[in-house]
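First the structure, which I've put down as structure tokens, then a few questions once you've had a look.
Letters A, B, C and D mark the chains in the order given here, with residues in each chain numbered from 1 onward.
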Amino acid sequence: MTVRIAVAGASGYAGGELLRLLLAHPEVEIGALTAGGNAGSPLGEHQPHLLPLADRVLLDTTAETLAGHDVVFLALPHGRSAEIAAQLGPDTLVVDCGADHRLTDAAAWTRWYGGEHAGSWPYGLPELPGGREALVGTKRVAVPGCYPTVSSLALAPAVAAGIIEDDVTVVAVSGTSGAGKSSKPHLIGSEVMGSLSAYGVAGAHRHTPEITQNLSAVAGREVGVSFTPVLAPLPRGILATCSARLTSDEDPRAVYEKAYRDEPFVHLLPEGRWPTTAAVLGSNAVQLQLAVDPDLRRLVVVAAVDNLTKGTAGAAVQSMNIAIGLPETTGLSTVGVAP
Amino acid sequence: MTVRIAVAGASGYAGGELLRLLLAHPEVEIGALTAGGNAGSPLGEHQPHLLPLADRVLLDTTAETLAGHDVVFLALPHGRSAEIAAQLGPDTLVVDCGADHRLTDAAAWTRWYGGEHAGSWPYGLPELPGGREALVGTKRVAVPGCYPTVSSLALAPAVAAGIIEDDVTVVAVSGTSGAGKSSKPHLIGSEVMGSLSAYGVAGAHRHTPEITQNLSAVAGREVGVSFTPVLAPLPRGILATCSARLTSDEDPRAVYEKAYRDEPFVHLLPEGRWPTTAAVLGSNAVQLQLAVDPDLRRLVVVAAVDNLTKGTAGAAVQSMNIAIGLPETTGLSTVGVAP
Amino acid sequence: MTVRIAVAGASGYAGGELLRLLLAHPEVEIGALTAGGNAGSPLGEHQPHLLPLADRVLLDTTAETLAGHDVVFLALPHGRSAEIAAQLGPDTLVVDCGADHRLTDAAAWTRWYGGEHAGSWPYGLPELPGGREALVGTKRVAVPGCYPTVSSLALAPAVAAGIIEDDVTVVAVSGTSGAGKSSKPHLIGSEVMGSLSAYGVAGAHRHTPEITQNLSAVAGREVGVSFTPVLAPLPRGILATCSARLTSDEDPRAVYEKAYRDEPFVHLLPEGRWPTTAAVLGSNAVQLQLAVDPDLRRLVVVAAVDNLTKGTAGAAVQSMNIAIGLPETTGLSTVGVAP
Amino acid sequence: MTVRIAVAGASGYAGGELLRLLLAHPEVEIGALTAGGNAGSPLGEHQPHLLPLADRVLLDTTAETLAGHDVVFLALPHGRSAEIAAQLGPDTLVVDCGADHRLTDAAAWTRWYGGEHAGSWPYGLPELPGGREALVGTKRVAVPGCYPTVSSLALAPAVAAGIIEDDVTVVAVSGTSGAGKSSKPHLIGSEVMGSLSAYGVAGAHRHTPEITQNLSAVAGREVGVSFTPVLAPLPRGILATCSARLTSDEDPRAVYEKAYRDEPFVHLLPEGRWPTTAAVLGSNAVQLQLAVDPDLRRLVVVAAVDNLTKGTAGAAVQSMNIAIGLPETTGLSTVGVAP
């Protein structure tokens, strides 16, 4: 099978990571690459690490340039995907790395993003209960946010098993690429190197309702999520520390082992080893470890993910594989680039 | 007044930071500098940033070399301080940057550090209720751990005011210098740069009982503290994200403003600005901000500190100033080195 | 003596470093702080590390706001300084951290910067032969560029002694703050962390003619300078590797020892120790070491400087001290902030 | 074809990178993994990024454990390879990532490494003139050092074409992984982050004679190489700035285009784009750019390489491919992991 793909937003970080993965995908042929302001220039100016595509000229992001592909990946600012997708026709698989179609609740969408909700699409996190089935044969995929990916995978087994309170705390430390290739003053190198900062504190980050949606769906009731993202000086990687009080004597380790035993990308580490983001750099793996605080009876789960790979582009490719009937792991690796 | 000081452990990070601060202290004369394995070599080999002291030769850490000073700062591995202090005589002010005399509970000491408890000393965190008074005129000071400093200052006002539940969560992201100048494999540059990792999870870090002790003393009852430290790729700085559910309708901001209004080193930032560790690098300031999650009624406090300055050596100098009757801020700055 | 100073460009990196140093200067009173686009906002929004000045509101950069000060520091984009300085009157000491008045050759100015040359001012590098004398009593100072500072100090003694060929090579690795607080795409954190890049190669960087000017003035004849700057992932610091073939049997070490023996800020390290930028972070010191390649008879000098301190703001304060008759080292330190 | 391989020294950085590449090599089956002090423990403890091999137990590095493989990769401290290789038999392809067999001159070996020279092997840098031919069918390969790889590739075309003087200067800035996974005090994270340092200055680094050997072989006469390595705060990557005076009017660009036109891994970038190490992270590509200083008639070549990939393990795999008759690029990529 040769799948002809296009990438809209090829000059950004999500677009670059999609192309890095797709260049190693054995069933894919890379078609149109499009951009906004960078249209007309060669990809090599923007993604010098993608040597085999260096001379490809970026096209405008329009329905015309994206037409004629089996799969179109959208790596666009939120608000743009719905517009483009509407013009792509129901036979094209559209995989949206943006936020437009993640939230199921229209009111929540409007509260967090403003404007009108474009509707929700099947959610590209196959490791959640029922997640894989929802993707088979779909023509539309909403790729999860990076923080929701790691937070949901860290907590879903405990929530599903009903062994923790519905009051969870997530502090997720992230590299800077999650903020995109935008040159905002607080993201310049001189500001981020040697510094740590919190942002979007106390429910002010847009990924909060997405994590809440995922865990509440798993629980079958509303789960309260306190989410704080912290920016740290590294380009890639998220380490999430997630905790909640235990309500059961069941062994949490057994719960997680059972939940992820057959998952190709989610790895509960052997006892005594803790995840690091370096170990998943460039890989589609999630590494997890957990412990119980004996004095507090609180479960703490720590999870590491590469925000651009499993947190974005890897999940997009994984979802495509499922949607079009390829083996789920095709073109994806659990091997990181370290040190 | 000229205070003659000695520093034991001058070749390590805490020792180096003590000397950096003491070189700028107008009332201090720097006497003996001692070390363990590095004794006999010039300080310049170990602390090339301390040019004015480059030719000073490190002495052995013994009661003899430390004798004859008004103040002796101990920056030694835990277990060593009690032994040395016992030989220094009751008229010498001994400021211990190590852990030996921080915990008041002998059983807790033995559980966390092993061996016999050497007793507790007045605790060098003057910003805690009653903390300043306990230091006036003392001849012995136990300098707090870096994580307990930032965590306790972030939560003490809310605990003291009784506006939060006795179940607090702290995730503190730290630079690497807190681990000392030891060359453990996981601390080499190739491992820490580009990576994030958690350690001492679920109550397994020795600073947990110290935070619990501080907050419980403030509350007058046992406070449960879930503490997770995360290692990030920067040399200095801790950013702590602390949260607990509110139990009161009182405005937390007013509580914190009142608590820290007159403190020279603890700054609640104006609304809308969040702390960064870069802003306190090399300074004795703590920067704080807080917010309430409107959906969860959870208070989130974020605090930034330099682990080597206010987190260790700055607190030591501040405590010395109080103990010997100098103005508390002498030789200490609230100006950071950024970017 | 109380010197009333103003800083134009207070929200940028050079302005911030000037204020950090001036806050610790015992003879200075800080007056007007001005900015371009940031005028009207409090300094704390832009320089959160300068707590004592956090509430100061930035004024517009005009002759009016800068009037009435003994000293005005200009930390402005090139081209702006001449214009402002012309309006400040001959009795005000104007210290220009920008490039406008560094080059003595009008044709070189026009070639490298474009536009008309505003004339040259006494050059703020007192450690060059005759440099100190040129600053005494002056009312105008051109602060050197950061690369010219470290490169000139590394090579001047050998050039002055006539022991090397007039064909020198400088490769200077720099942190990112030298590029200013501008959010150009290649300077965002995600791009600079984990990467090294060269720029302005083969005589294309504007600091090349300034280094050439300095060394040629020392030599009394044209010296050829091959200069390559390299960008590395750290906020501050420049490490310059400078080399040239020896033409004499004289001991280079003796030449450098003699040249810098009485300099308070330039330190030739003891044999066997090599400079690091961490050791001079935030300090006004330059650390130097040299060696001779025995097979090639080539002298290699390595020098470390903090580009914002001795490379910019420290040199500005040092020059002010000389110009107004204060001890040269007032308010300046040779102690770095490490690790 | 299935090639059965073993890796000696699998717990170090070179060993880890070999395994990362070999896991993606379609013709390879991974056999014995051996180590020194880490023998007996699972690979996952040392290389957590190599998930598919996490449970493999490390064996002792002996001729017995390494026997029975088609190819044995040695990633051992220098001095160990010759000893092991002697026991492996002439039919096994031995690819030595260490220094034992790189130098052809026994006296140079003894001067730089001490002890007796074990003899030289075919040199694994196929892009040098005659380099590819020397590897076809060989049973022994000496993988080049990382600095010699990038320096030699940057300068060989100009040397071969006779367009520069025999007096070249190389300043190569490197990440820390080149120093291996050893926990020397100057390599701990707190020391390297935020700092730059030079080492092995003025011909004191062991890679100097190897670069000299390569360029002299290309030139057919002795070339003088001034080599200075600089350590910078990133885990991987070398950026080398190489320069020499031009002796010819020939266009250097044409010389380099011709030299590398057909090379799969060495890329001369289009004019105006300069190499970055991020663009080659984890890739086997070398990115080059050059310019001529118009005032000095000096050629400056800047080259970027990943020290662990093309600088070590990638070159090892590339050499294996040539030696055993596989297409040279099998299992190797020119796609980097960025940002």
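Just so it is clear, contacts are C-beta pairs under 8 Å (C-beta built on N, C-alpha and C of every residue); 3 or more make two chains touch, one makes a residue touch a chain.
Nothing here was measured: the structure is a model prediction, and the numbers come from that model.
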Exercise. If you take the mean of the Cα atoms for each chain, which one ends up farthest from subunit B?
Worked result: D
For this session: Could you let me know which interface, A-C or C-D, is made of more C-beta pairs in contact?
Result: C-D
Problem set entry | Interchain centroid distance [CA atoms averaged], subunit C/subunit D, Å | 38
Problem set entry | Centroid spacing, where centroids are CA-atom means, of subunit A and subunit C in whole angstrom | 45
Seminar exercise, completed: Multi-chain touching residues of subunit D, meaning two or more other chains, are 13, 177, 181, 190-191, 193-194, 233-236, 276, 278-279, 281, 338-339
Problem set entry | Complex contacts: residues of subunit A adjacent to subunit B | 167, 169, 171, 173, 190-191, 193-199, 201-204, 224-226, 228, 230, 232-239, 241, 243, 245, 274-279, 281, 289, 291-296, 298, 300, 302, 304, 338-339
Problem set entry | Interface residues, subunit C side, partner subunit A - complex | 13, 175-177, 179, 181-185, 187-194, 233-235
Seminar exercise, completed: subunit D residues touching subunit A in their complex are 13, 16, 20, 23-24, 44-45, 47-52, 177, 181, 193-194, 235-236, 267, 269-270, 273, 276, 278-283, 285, 287, 333-339
